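Chain naming follows the written order as A, B and C, and within any one chain the residues start at number 1.
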Amino acid sequence: MLKVNQLIKDFGTVRIINSADFEVRADEIVSLVGPNGAGKTTLVNLISGHIFPTSGKIEFLGQDITFASPYKRIKLGVARNFQITNLFLDTSVLDNVRTCLFSVYGKIRKAILPANHYAAVSQEAVDILDLFGLSGKQNLFPPSLSEGDKKILDTAMAFALKSKFLLLDEPTSGVATRDKFKVMDTIVSAIRREKMACLIIEHDMDIVSGYSDRLLVLSEGAVIADGKPKEIMEEESVKKILFGVRS
Amino acid sequence: MDNRNAILKPTFFIYLACFILMLFLPKILPTYHLILFESGITFAIMALGFNLLLRYTGLLSFGHGALFAVGAYAVGMTGEYYPDLYRIEILLPIALLASFVVSFIFGFICVRHTRVFFSILALALSMVLYALLVKLYSITGGSDGIRIELPMMFGKSFDGVKRFEFLSGAYYYLLICVFAAATVIMSAIVNSPFGKALQCIRDNEVRAEMIGIRVRRYRLYSFILSGLFTGLGGAMWSFVNGHVTPEIAEWVFSGEIVYMTLLGGFMVFEGPIVGAILFTYLRLYAVSITQYWMFLIGATLIILVLLLPEGITGGFVKLFSKMRRRPSPGAVSC
Amino acid sequence: MEHWVIYLLNGLYFASFLFLTSLGLSIILGVMGILNLAHGSLFAIGAFVAAWIVGSFGSNSPVALFFVGLLAALGVAGVVGLALEMSLIRPMYKRALEYQLLITFGALLLIEDLIKMIWGGTAYYASGPFTAMGSLAIGRNQYPYYFLFAMLISVAAGLGLWMIMSRTRVGIMLRAISMDREMAQAMGIQIGKLNTLAFGMGAALAGLAGALIVPTTPALLGIGMDPLILAFIVVVLGGLGSLKGALIGSLIVGETRSMGIVFFPEIELPLLFFIAVIILVFKPEGLFGR
């Protein structure tokens, strides 16, 4: 579904992404791990269209999206959440999700009937909130949510865009540890149900091994390992990079 | 999502009551006050349009006087050059058309910029219009402006009728209906999916783009709608005032538009209406006691911004919520 | 041929106030991130102060008193700017940008009427310095020395500012803030005091520009509105935050205005705005913007 070819990104003289090469296939959940500064968020920004690469190619569903605008990529089916939550602060939780649905269904041009009138869409928004455990909170506003709930809402919005490919940047950071697995369960089951492909940046290795089909290890801008989590995590080089330990 | 009972919500009854009250005002108020009230209503239509941009799209325009002037001058110039078309059924569509064109141009230029530049760019454009209205005196009457005669209304001519009779008679009812329609339409817009999309643009334009809303395009739509309402207000006002001059395009009036919206409270849907009507009375009173009107608005504007940024209605909402001992939500819309 | 030289020189004359005004606006915008809608009113204060001083006392030695007037204009405008920042703008830092605009707009209204209260509604003429300086013969035309004087003052002010910005500690701190406020704060730079200083400097420059204009244009109510918009256009055209941008922008706008007055006299201001707007349509970040 997503193909990244020899992607290079320079910021001035610093090469952040150094010829990254990998694929994400349909129905796959791939985790992207690596030490801080390896370039994970930059990579996600390149895929979502926030920044453009210095060279290399990004293909999605066979189309070249290397320099496509974020808007175009969303229309093609690439959605992302944000590491620092990026919500509509003066809009209700329900509307945060519901407007995503309106956008997807091409209904944001409708200016006559009230939003509440669109019962099917509104119900779907409620269902999605339900799925992510936010149903009691639909009339609240984001500033009054906990950090973890904000993160979940952010992910729920990306989910609501019904994309084929979801980019999740640390979806459980900020969430209380005891809730992390619950949140991941929710997200992953929703993803699997909709048969979405997913690239997740994660730091928590338990989550990575529990939920990913595949693991990509990024170090200094290049993919140094690519394969099943159990196998990769046994490799010496990977362990050194991730844990700094010699076993 | 229980909207089956929307018709029976208490606010609907309040609006209905207000409308019925307004229908009886000509019998209650003396003519002078009635005409002042009508002036306030035309400003209210304008302020509704202004607030679509401010409250619901997050854009502060310091140039809306120009859009008001477009509506007013559309009426005046039609009267000057196409007297055959001087019927209200034709004049209002002409004013709307003119507003559409100018709003499109202004909006197209302004919305591509950051919010701060948007504000002053709107101001700059309005000053261009003002300068044109003054300098092209052969077409626009220059600083003398254009006199607005009484139009024909639905086949009935008002030749020989005195303006105050016109204004306290047929025209009043037309104005009230136009106002009611404008309020209903604006209410529909802000509660619709389109309105929700605008609010997302206001809250977080980056994220809005990321969920598939074309920010520039929707801002332009919002600007055009805003301009239509404002121009309509200008057209209706022209008959009440009897005269249009370039001053309404000047920055002072644009500032007064901002002021009245803030005074009434821009966070609440009805706020600008309250502010507009209140402002007409305030201004009349203030001008009669001092020549330093700008000082007064400037000082009270500053006080409002410092102490009561959500205006009068915002203040009421806060008071109301405190009395109910519930946390007030971020926005109250009907 | 000589006509063109005159037009060009006239353009330079316009460019000189524009340069000072837009420089002031740019400093405030760059360091504080605030678009100061009261900038034109500060310009007006400078104009009235200078015109009043020269008009009331300066019949004998207009030029000498004009210098006093310039300094006074600079000072008064600067002080008003400082007062504005400390009383009104500071509480607005935490609020949304729109509130800052609203408060400077409120200040604009306030100052306009304050001017009316102090100086009344009449025009203040101060043509003394202009006539006293005489004119230079260029071919068959006369070019007023005053215009050259104004340009000199502007250039001097520009140079002075450049030296402050690049050589003094304060200047470097101001530049640091305008480049990256959070970083500057993290490095321990006192944003609050420097904000006040920046606003005062910007205001003083506007006041100086206003004072420079009075020998050729009387000080009238509302005199500051056009300079506000023009300065904004210069900043937008020339790109934010650079001295060079303000200089080039002022030259462009000044020359365009000069040509406009010759060829399209009645509508030269609308025409100017129109041209600027066209440029902005194609290049929203300005000609040299980042």
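What we mean here is this: contacts are C-beta pairs under 8 Å (C-beta built on N, C-alpha and C of every residue); 3 or more make two chains touch, one makes a residue touch a chain.
Just so you know, these numbers come straight off a predicted model, no measurement behind them.
Pick the chain whose C-alpha centre of mass, unweighted, sits closest to the average of all protein C-alpha coordinates shown.
B
Starting from the Cα centroid of subunit C, hunt down the chain whose centroid lies farthest away.
Looking at centroid distances, A is the chain farthest away.
In angstrom, rounded to a whole number, how far apart do the mean CA points of subunit A and subunit C lie?
Computed from C-alpha means, the inter-chain centre distance equals 49 Å.
Just curious, how far off is subunit B from subunit A if you go by their C-alpha centres, in Å?
43
In angstrom, rounded to a whole number, how far apart do the mean CA points of subunit B and subunit C lie?
Centre-to-centre distance between subunit B and subunit C: 34 Å.
For the complex, give me every residue of subunit B touching subunit C.
Against subunit C, subunit B makes touches at 54, 58, 60, 62, 108-109, 112-113, 115-117, 119-121, 123-125, 127-128, 131-132, 135-136, 251, 255, 258, 262, 291-299, 301-302, 305-306, 309.
Can you list the subunit B residues touching subunit A in their complex?
Residues in contact with subunit A: 1, 3, 6, 188-189, 191-197, 199-200, 202-204, 206-214, 218, 327, 329-331.
Touching residues of subunit C toward subunit B in the complex: what are they?
Spelled out, the residues of subunit C in touch with subunit B are 35, 37, 88, 91-92, 95, 97-99, 101-103, 105-114, 116-117, 225-226, 229, 232-233, 236, 266-267, 269-270, 273-274, 276-277, 280-281, 284.
Touching subunit B in the complex: which residues of subunit A?
On the subunit A side, the touching residues are 48, 70-71, 74-75, 79-80, 82, 86-91, 95, 98-100, 102-104, 107-119, 122-123, 126, 139, 141, 143-144, 157, 161.
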